[in-house]
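Some structures are shown below for you to check.
One chain, chain A, appears in both complexes that follow, with chain B as partner in the first and chain C in the second.
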Partner chain A sequence: MQPVDRDQELVGIRAKLKELLVSNLNIEGITPDQIKDDDPLFGEGLGLDSLDAVEIVVILQRHFGVEVKDMEKGREIFRSVNTLANYVYDTKQGQK
Partner chain B sequence: MNIAGIGVVGTTGRGVASLEAALNRGWTAPGLVDIRGSAGERLPVYAVPPEVLSDKTVLAKARRADRFTRMSVLAAWDALQDSGLAASVDRTRLGVIVATALGPHATTFGFLDGILDFGDAAVSPTAFSHSVHNAAASYIAMTLDVRGPTLTLTHFDFAFHEAVSLARTWLAANRCDAVLVGAVDELGSVMQFVCGRMLRPAADGRIKPFDFSVKPESVPGEGSVFFMLTRDNAGAAYGRLGAVSRDHSAVRSTGQSVQLLDACGLAKNETAYRTALMPGTLTAGYAPLFGSVMTGSAFHAAIAALMLKRQYRYAVPVAENPHGLDLCLETGAAVVDQVFCTRLDCAGRRGTLHLSAVR
Partner chain C sequence: MTPDATRKIEARQRGNALGFWFFRVSLRAFGLRGAYGLLYIVCSYYVIFDRRAVQAARAYVDRRFPDHGRWARLADVYRLFVSQGKNLIDRYYLISGVGRFGTRVEGEARLRDVMQSGHGIVLLTAHVGNWQTIMNYLGAFERKVNLVMRPEDNPAVRESLGIDRSGQTIGIISPEGYLGGVVESMNALGRGEVVSLMGDRSYGFNPVEVNFLGGRAWFASGAFHLAAMAGCPAVVLLSAKNGTHDYTVEVVSITRPRYQPGIPKREQLAGWVQAFAQVLEEYLIRHPYQCFLFYDIWQKPEVKNHPLET
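The block that comes next holds the complex of A and B.
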């Protein structure tokens, strides 16, 4: 049963992440549902920059209780909404 | 100094034309907002509609900017464009002075709330960088490529008056060829709470600028007004912005004059108002159009500039007149030589801006 629970929970995390990214990073002209799960967040994707990366760290901490301490690891974690959601889910599972 | 250009962002919209349309239209009822933290209490407010602040061209580099900064940047941009000097002014000789009574307090309190709610390790870096008062001036400099002196001037009662005085000094000292001087204040939830609890919100939504009550009614407002100021010999699009007086000693009412009275909701001294009135002048006040704003003199200076340029008078939007003043009650063409924009603070001290027509 765990894979189904995981998938369902990831859907919710991804949706919440998209809403938080759009509202907290003031991304204009785009709605949360227009962000694809695998769209790159930085560079040619959503066009986020290094200050946004710090803001995402804060979002994860505030809204999911998840910390990102290793910024080298952060490169992979911050690649897309999918990778962020997986990190949130896995970290929260590890906290249980 | 010459007023070469004006930019306005307010509840009436963006641009001098929107202000002029509001003056011709007359009083419009304010919106209503819930007072945060109250049991369903509502407050009349003159807020800037969100769509007014969504210019993707001017604000292309200001994605992270808050409302305070957006209002400032748009008004400053428009003032420069309105002056017709955007292509010719030397940006190294262009200064910026942003006047504010309360600064970007919505962001400042948001930043502090972040510390209280989530601890200092989870505070938004964007909120921090935008909570400083100088953020708006920096955005203006960046957006307009201003390379001259840039300053933010905070003063609870006479921020705009002080800014105008400083601009005059910069021009006189040849530090700049032109200065973008503006005022901005925003209406955040903290401000709404304070106004709802500490002041006396106008029950019918009407600010009454000529009722010198001990407890004046207010309708909080927000917005930004910028002026492109140049030296007297640089040509004038609107008129001259001359002396800034605290006691009227430097100004004399001659010719056809109008005195505009601010109504921020704090001044509550009938004697002080009566002393501030200038004999032989028509009295007007347009706060019912843009709200009770600490930097309301900037809005009035823009209206004064329109009167001088157009040689036109605008009827006061709310004409309740318990003290029998000689009010400006008609809209239409008229000779206007001088306009005095007077503001009183809660202690009864006054400040007056003097604007005159260029003949």
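The block that comes next holds the complex of A and C.
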């Protein structure tokens, strides 16, 4: 049953992340629904920059209680909404 | 450049191991004044033969001394070079334990309140005066200070400045790393540490246009964004050399930037950065030969995609 739970929970995390990205970051003319799960967050994708990266760090801390401590993994974690959601889920599972 | 790429900040290196060794020996043999004496010869060489160095200094000199003629401005460049040379010798003097400087602190009570709060602090400095005296002074508070700076890739400078010997109280966060070091900076602030950034040069990463010394210049904005997002105070701390053995460390301003809803964040950032540029300008009016920027920040930079800078 756990894979189904995981998938359901990831859907919820991704939706919440998209809402928070749109409401907190400098993304104009985009609704949460228009962000694809695998869109790159930086550069060619959503076009976010490192000012936005600070906000994502704060979103992870304040809304999900998760910190990114290992910058070796940072490049993968911050790649897309999907990778962020996976990191949030895995970290929270590890905290239980 | 995207944040996925590892960025490299271009910086021209001057000085070599032999040169630094020569100054170290002179310092131990003849003291501060003796080592300073050599500078007048070395700096003459740079003024006469190093056109790029002169050109780099002229960006500031031309705006700080608009009423000076051609030869007076060249003399200003020379004074700046000598002043920076003394700065480097003083750093070694401090680090090597050869001697100490008398340091007067202006605004200490305000800083003490902030430093003793235990919360994270964004320390904003500039290419002005001698940051080693600031670090020395901050050492008394026993708070870890993380310098957001490119790793020094000139071994001679690195060795001379004792960066490797700074111990656990000083950490280095590289702005050349992934996302410009923002995650490490936020984590450090969360642990109640100090994160120190240079605010007067953007390197093209999220620059903000401000009024500065009679022109439109491009400053860094990352420090205020970090402070606003982490809920930390932004402390502007600058130092100036007053005499052979005397420095002043000045708590120029302490602000608590917080984003207000309904106003674009970049607009609010621009206001905070402009206020910083204003206090820096006032400082340089009082200490004209303490500016070691050596870069034309009045020329629009090629915008890149990182916010932090050193």
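The rule is short, and it goes like this: the second predicted complex is superposed on the first by the 95 of 96 C-alpha atoms of A that agree within 3 Å, B and C clash if a C-alpha of one lies under 4 Å from a C-alpha of the other, contacts with A are read in each partner's own complex, and residues count from 1 in each chain.
The rule we apply is simple: a residue touches a chain if its C-beta (ideal position, glycine included) is under 8 Å from a C-beta of that chain, and two chains touch if they have at least 3 such contacts.
Quick caveat, the model's predicted, so the values are computed rather than measured.
In the superposition on chain A, A:51 contacts both chain B and chain C.
Contact with chain B, but none with chain C, is seen for A:28 once the two complexes are overlaid on the shared chain. Annotation for chain A, partner touching more residues between chain B and chain C: C. After overlaying the two complexes on the shared chain, residue contacts for A:69 are found with chain C alone; chain B is out of touch. In the superposition on chain A, A:11 contacts neither chain B nor chain C. Once the two complexes are overlaid on the shared chain, A:78 sits against chain C while remaining clear of chain B. In the superposed model, A:43 makes contact with chain C only, not with chain B. When the two structures are aligned on the shared chain, A:61 is found in touch with chain B and with chain C. When both complexes are aligned on chain A by C-alpha atoms, chain A residues 26, 51, 54-55, 58, 61 touch chain B in the first and chain C in the second. Per the touch definition, chain B reaches chain A in the complex via residues 54, 56, 63-65, 117-118, 121-126.
Interface of chain C with chain A (complex): residues 2-4, 177-180, 182-184, 186-187, 190, 205-206, 221-222, 225-226, 229-230, 264-266, 305-308. Residue ranges of chain A in contact with chain C, taken from their complex: 26, 42-44, 49-51, 53-55, 57-58, 61, 67-69, 71, 74-75, 78.
Considering their complex, residues 24-29, 51, 54-55, 58, 61-62 of chain A touch chain B.
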